[in-house]
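Chain lettering (A, B, C and D) follows the sequence in which the chains are written, and residue indices restart at 1 in each chain.
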Amino acid sequence: MSEQKKKKVFLEGAIPPAFIGDSIAKHSTKKNIGAHSIFLGQVRNDLKEGKTVKAIEYSGYIEMADEVFAQIREKAFLKFSLKCLHIYHSLGMVLAGEISLFVFTSSIHRKDAIEACHYIVERVKEEVPVWGKEIFENDTFIWKQNT
Amino acid sequence: MSEQKKKKVFLEGAIPPAFIGDSIAKHSTKKNIGAHSIFLGQVRNDLKEGKTVKAIEYSGYIEMADEVFAQIREKAFLKFSLKCLHIYHSLGMVLAGEISLFVFTSSIHRKDAIEACHYIVERVKEEVPVWGKEIFENDTFIWKQNT
Amino acid sequence: MEINLLSFGQIVDITGKPALKLSGIDNTDDLSKKLIELFPLLKSIKFSVAVNKQVIQKNTLLNQNDTVALLPPFSGG
Amino acid sequence: MEINLLSFGQIVDITGKPALKLSGIDNTDDLSKKLIELFPLLKSIKFSVAVNKQVIQKNTLLNQNDTVALLPPFSGG
């Protein structure tokens, strides 16, 4: 199955847990899959300079980000033996406790799914032009720094 | 939060995708979590000696397995900085395409959740007294071998 | 002296019963000999032995009512 | 000759606009100088430059209608 085509990655707002459950359910027809690996990024209520983060507002250079996501997909399929690969990232406001990144890899044997998922998460954090604005409870903000 | 207590791991039959979605949803109140890592084992319709696997029937030495799962939990909490850890394993019949293992780790930063999840999956495969009988479409069977 | 013997996985196919009681056996080496006598097919299978839920690596004395489990290679997950 | 300049993240807070047009600039080094003139606060920020969605590492010639993006450190995920 070719999955290298450009796919819709960005979702408006948080990624609902039921969306993740539904994505998993869709793979029950792919009976040669033996292992799924999933990474979820959740917005933390970090305390910074005495203020608590209540949400992150994500923005991106969408046209470029879509290309970078497609390149990451392509590299992952070349590097690992994958049956399926899905990446979703939020745009706009995501509250603390909600999910903003969903990476989902599937393979015959577990090694490929596990390593590919980790690889993709690192690539997304490093290479995709997306920015998070951490909004505090008093509505001031700072720009998020990835570590 | 102490999660080291003995927890219910075994579920009768397949692990439903909606159960996984619900488990994820429950973590939205834990707002210091920044990363979740999930591993899912799915039953494959492998072709062996010309016959197709239609299901795996799992059995276990439950009293011992419960102790081993508790030890794996304890080691994982010592080795990694985790906020949450859940492990579920099926007993009984799980059809090809259905899920039989669900490992779910959560941490502040992604490294801990990702490494702990991988660590736990390997420990479960190696140390937990559970056996899978691969049932073919003609109802003959062979005992599964882990790789 | 009586011990409880548990069989799992493919070993149940050989012993015929998931649980049985054996008497007159003092240690796990003697138990292994006795089992091979009773169930010669066990020779063809790799398995480990747990005494009271602990996998043992060497000969172990058995006490009244100990539970000994025959564990073929695990295949969970 | 006119180019399209896109700003993202905290750089929008400095340039004041996500998109603007600039003319009379031939290459990215000249663009950087011009931007520092127009927006001195840019000096305080680390950012990379993409020309037509490709991040550049060295001075790059600009053509009519090229899109140049100012990208502060990414913080997705």
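Going forward, a residue touches a chain if its C-beta (ideal position, glycine included) is under 8 Å from a C-beta of that chain, and two chains touch if they have at least 3 such contacts.
These figures come from a predicted structure and were not determined experimentally.
Using the contact threshold fixed earlier, the set of chains in contact with both chain B and chain D is A. In this assembly, the C-alpha centroid of chain B lies 27 Å from the C-alpha centroid of chain C.
Between chain A and chain B the centroid-to-centroid distance comes to 22 Å (mean Cα coordinates, whole Å). Chain A and chain C have Cα centroids lying 49 Å from one another. Residue numbers of chain A whose C-beta contacts span two or more other chains: 41, 121.
Contact of a single residue of chain C with at least two other chains is seen at no position. According to the touch criterion at the top of this document, the contacting chain pairs are A-B, A-D, B-C. Of all residues in chain B, only 17-18, 20-22, 24-25, 27-45, 96-99, 106, 108-110, 113-114, 117-118, 121, 147 touch chain A in the complex they form. Residue ranges on chain B touching chain C, taken from their complex, read 41, 58-61, 63-64, 67, 89, 100-101, 121, 124-133, 143-146.
Against chain A, the residues of chain D that register as touching in their complex are 6, 8-10, 50, 53, 69, 71-77.
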